[in-house]
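Just so it is clear, A, B, C, D and E label the chains in written order, and each chain counts residues from 1 on its own.
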Amino acid sequence: MTITASLKKKLKYFDLDISFSCATESMMVMIGPSGGGKTTIIRMLAGLTMPDEGRVIFGDEVWYDSARRINVPPQKRRLGYVFQDYTLFPHLNLYDNAAFAAVDKKEVSELFDLFDISHLRKRKPHHVSGGERQRCAICQALARHPRLLLLDEPFSALDVITRRGLREELKSLKGRLSCPVIYVTHDINEALFLADEILPVAEGKNDDGWMQRTITRVPSVGGSSRAAREPRLALAY
Amino acid sequence: EKISVAVAANFIAAFKEIAADFEAKTKIHVEGTFSSTGNLYSQIVSGAPYDLFLSADKQRPAILQKDGLADRPFVYARGQAILWAADRDFCKAATWQDALKNERIKKIAIANTVTSPYGAVAKTALQKAGLWDALQRKLVNAQDIAQSFQYANTSAVDAGFCSLSAKTSSQWKNGCFYMIAEAPDIIQSACILKKTKNRAVVEQFAAFLVSPEAQEIKMKFGYR
Amino acid sequence: MDYLALYVTLKLALVTTIFLMLIAAPIAYLLAYTSFPGKSLLEALIYLPMALPPTAIGFYLLVVMGPKGFVGQAWETITGGSLLFTFLGITIASILYSIPFAVQPMKAAFQKIDQRLLDAAYILGLSKRTAFFRVIIPNSVSGIAAAAVLVFLHSIGAFGVLLMVGGSIPGETKVASIAIYEAVETMNYSAAGMIALSFIPISYAFLLLISKLNEDSRP
Amino acid sequence: MDYLALYVTLKLALVTTIFLMLIAAPIAYLLAYTSFPGKSLLEALIYLPMALPPTAIGFYLLVVMGPKGFVGQAWETITGGSLLFTFLGITIASILYSIPFAVQPMKAAFQKIDQRLLDAAYILGLSKRTAFFRVIIPNSVSGIAAAAVLVFLHSIGAFGVLLMVGGSIPGETKVASIAIYEAVETMNYSAAGMIALSFIPISYAFLLLISKLNEDSRP
Amino acid sequence: MTITASLKKKLKYFDLDISFSCATESMMVMIGPSGGGKTTIIRMLAGLTMPDEGRVIFGDEVWYDSARRINVPPQKRRLGYVFQDYTLFPHLNLYDNAAFAAVDKKEVSELFDLFDISHLRKRKPHHVSGGERQRCAICQALARHPRLLLLDEPFSALDVITRRGLREELKSLKGRLSCPVIYVTHDINEALFLADEILPVAEGKNDDGWMQRTITRVPSVGGSSRAAREPRLALAY
């Protein structure tokens, strides 16, 4: 299955206008400045926000087509979505959250082991740390056997080691999932590590120059003390 | 066997004793439903399963008969309006009119003159005495005579028009009262409802209601 | 003391509360989440029973549920019996009478649900209907508890309406508040006080139960 | 139609609603956020007015507010006047009678406030008191609106209690529901219907107002 | 002013037991695995969570002392705290959120310019992106002129460029603020760039080895395809 989208929407400060596609087992990473429209794009793919114009095609299904007035509701799209603020249901414990829409409840325990939160299965979301909540949200999305996986900064609350581990898990899961994955991150290393394709989004457009500018830009010149404090370490990514 | 009787609220106490007497004699259970006359009337029109209706007035049984819902009404009690006060000094005046003219009397309770027959006769009496307009500002309206009596015996008002049937209340002796001769008796009629399925028994109870035995009980409760 | 009346009262209050929770939830949902022409008018109509004196409500119910009213006639056609002066009749009256107390706090609770939770539910494949049961309801427990408390207590105190459509038949439609009314009418104030006092432990027990349920559902 | 009674009704409902919102808020806060011995008992007591038939409440208020009751006596000592049969008197009665409807939805709303918002408020230096006004209240608007609707409508319909402590004095304590009662009792059903109908636009206008306020406060 | 803390608290899966101090104008960066206790420590400094035992001394004020039963409530500590989930008041727009407890309202506009969210001042928090919300939360904390600044992963939702810019702003602000800053991050580059001192926290303890292990650990060996996808770029931090 391949997802192909072409989306237009007038936002307050810029017009979003972007097209892309992403094939099964391939991962597209969206990266770009804060407020650039990444979450909005993901929400339009999920059917939670309505574009003004455009089409979203998944395999041979039309999910959205402004011309033909088609709009498949999110329920029917069967996708996994980890929200940027990793929304979990506050009235359920972590296990019940992940099992909420699981295809096979047994898998939930496996996923919890994989993501190292098995010991927290009985806790309510308010009583675990931010990173733990985030990992549970990923389990919830995966347990659904989604046809398309949307991950909006899923590892933002995680430390480097956990993040690195999960990133690798995710890569290996991707094969098993056999579905397209669209991934938002602001970590360029992560983007480069994970991506089959990178989609830089700035002001609602595909901005190919953004990556380049980001990577090569020298930190703005400030006090000399600051310059002296540049990283002293080459990281072993 | 049992019969079901709709009883106007002012007659509750007397009715309970009469019904108990009747039951003791005949082993027929008499069940009372108590509410305001207007309320009971509406229920009967709507098909309430009562056998007998004891109204607080004579109009409504008459209407029921006219509409073919009830037999010919009969009078089962005559109530008397009184003026009751918690403060015994109130009754030192020669007449109730003089007592009401006293400057110290600031508030006088009267049952709703539209919905309660007791309120209506009290109004008539006040009008006859030429006091109705003068006392307008002192009048406090109660829903019915029970409430009017409550006002008087909690001293919320200085005096209240009620019925002699209040005499069995435990508070009765704490105050004093005038009979209101100017107020016509309140004629309370009853009627057997056409729908009744145990007519014989109902007629038996209706007869008992006006028997000397029942009359005695009614006297005790302040009816004639 | 009239234990039978107390029993009828409790039974009525419980049945009313349970049914009303079931009836009010979808209404509150409609009011909180949808918009349609005439919605505020419908809302005003639903709340009207509160604004009318019990006598008036009782009277209209009497007419509608009576042998000439359309509800009463329909009922008679179906069952051959009368709705008035039965336990079922006062239950219906009590439900209508208490609807606003159930709908209003529930609606407020539903409106407070975080939209993100609903988004998440839809993404997870829940229909609006299922999301209502699995997300909205469990996250509105305190509002539902508030509604239950109001309805239960209001049904205990309901009296004018019930007297009208119920007719005070012992064991069937005679509730405890009618006993209080009778006691007050016959100027037997100490008996009235006794029955009134007996309501305190009942209300207390019910409140404890509800606040327990409420606590259990805390996130 | 008795416009004077309608005017008194509206005035009473508005005054009751406004005062009750002010009184109920701190009570609801205590019930939602603090725990102290006897709390559930206090709560049960606050809700008791609902569970009692209006006749009973009216009677007890009559006693307490009367010249021999402690409230009535205190009032007389201070002002030299009587509390019974005045607008102030029925306002107090109406407030007491409607307290549960104000407290319960507010409490439910306060309980739903996200603890993180309170944490943030404390960090920003707000005392509990200020946090109550600047964080809890603005985030409980829908619950407060629910309370206001319930109280307003309930005050319009209140009748048994008001009649008891008010004495139905035209222009002062005679409310419209008493007129309905009279009309029903005297079989003047069309007049009763007229007054009842006139409540629809009033309730409607009030609901619109509240739902407008409610909408404005949406996040 | 220097903040000195020594904190003990029994948590469900480990016992937190840590001591540290941080001086004015100096920034201590806390780093460590998800669920390691970083947020809990910050909350104890803020007075939102009660330690079982220990002391928190700020300058010559005792904020908490289990032995002497002293516990100054958060209101009296006058600190700035950016929560991990960047809590804002949903009923207020961004400007009112930041001005909520501002010492000088005029500064709020300056801060908004600095953090590039001036155009969003009238929006409610629900209607801006995650990163924009986060920047507003930082403005809110700074506008309070705090005596101690606690930042729990304040830049987690931001893209690299914005992040880099803000990081520098923060460093220069730090001088102006003249208060100790405690900063939680999971970005080692950021830690190294910002920190005067690094406090690695794992399982509630000061775990000096953690940094070293993190930096030098080789990614777990997986499929060869994965190894081939390691970053191909040296980042110009």
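One rule holds in what follows: a residue touches a chain if its C-beta (ideal position, glycine included) is under 8 Å from a C-beta of that chain, and two chains touch if they have at least 3 such contacts.
Small disclaimer: the values here were computed from a predicted structure and weren't measured.
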Any chain in contact with chain A as well as chain C: none
Set of chains adjacent to chain C and to chain D: B
Identity of the chain that, by mean CA position, is farthest from chain D: A
D-E compared against B-C, more contacting pairs: B-C
Chain whose mean Cα position lies farthest from chain E: B
Interchain centroid distance [CA atoms averaged], chain C/chain E, Å: 51
Approximate Å spacing (C-alpha centroids) for the pair chain D, chain E: 47
Distance from chain C to chain B - Cα centre to Cα centre, in angstrom: 35
Rounded Å distance, chain B centre to chain E centre (Cα mean): 80
Interface hub residues of chain A, defined as touching at least two other chains: 85, 126
Contacts with 2+ other chains: residues of chain C: 55, 59, 178, 181, 184, 189
Overlap residues in chain B, where contacts from two or more other chains coincide: 39, 42, 150
Pairwise chain contacts under the document criterion: A-C, A-E, B-C, B-D, C-D, D-E
Chain B residues within the chain C interface of the complex: 4, 6, 9-10, 12-13, 31, 33-35, 39, 42-43, 45-50, 144, 146, 149-150, 166, 168-171
Chain D residues touching chain B - in the complex, by the definition given at the top: 59, 62-63, 66-69, 82, 84-85, 160, 163-164, 167-169, 174, 181-182, 184-187
Chain A-touching residues of chain E, taken from the complex the two chains share: 13, 31-36, 39, 84-85, 119, 128-132, 134-135, 153, 156-165, 168, 171-172, 186-189, 192-193, 213-220, 222-223, 226, 229-237
Touch list for chain C against partner chain D, complex: 40-41, 43-45, 47-48, 50-56, 59-60, 100-101, 104-105, 107-109, 111-112, 142-143, 145-146, 149-150, 153-154, 156-157, 159-160, 177-178, 180-181, 184, 189, 192, 196, 199-200, 202-204, 207-208, 211, 214
Interfacial residue positions of chain B with respect to chain D in the complex: 36-39, 41-42, 107, 109, 112, 114-115, 139-143, 147, 150-151, 154-156
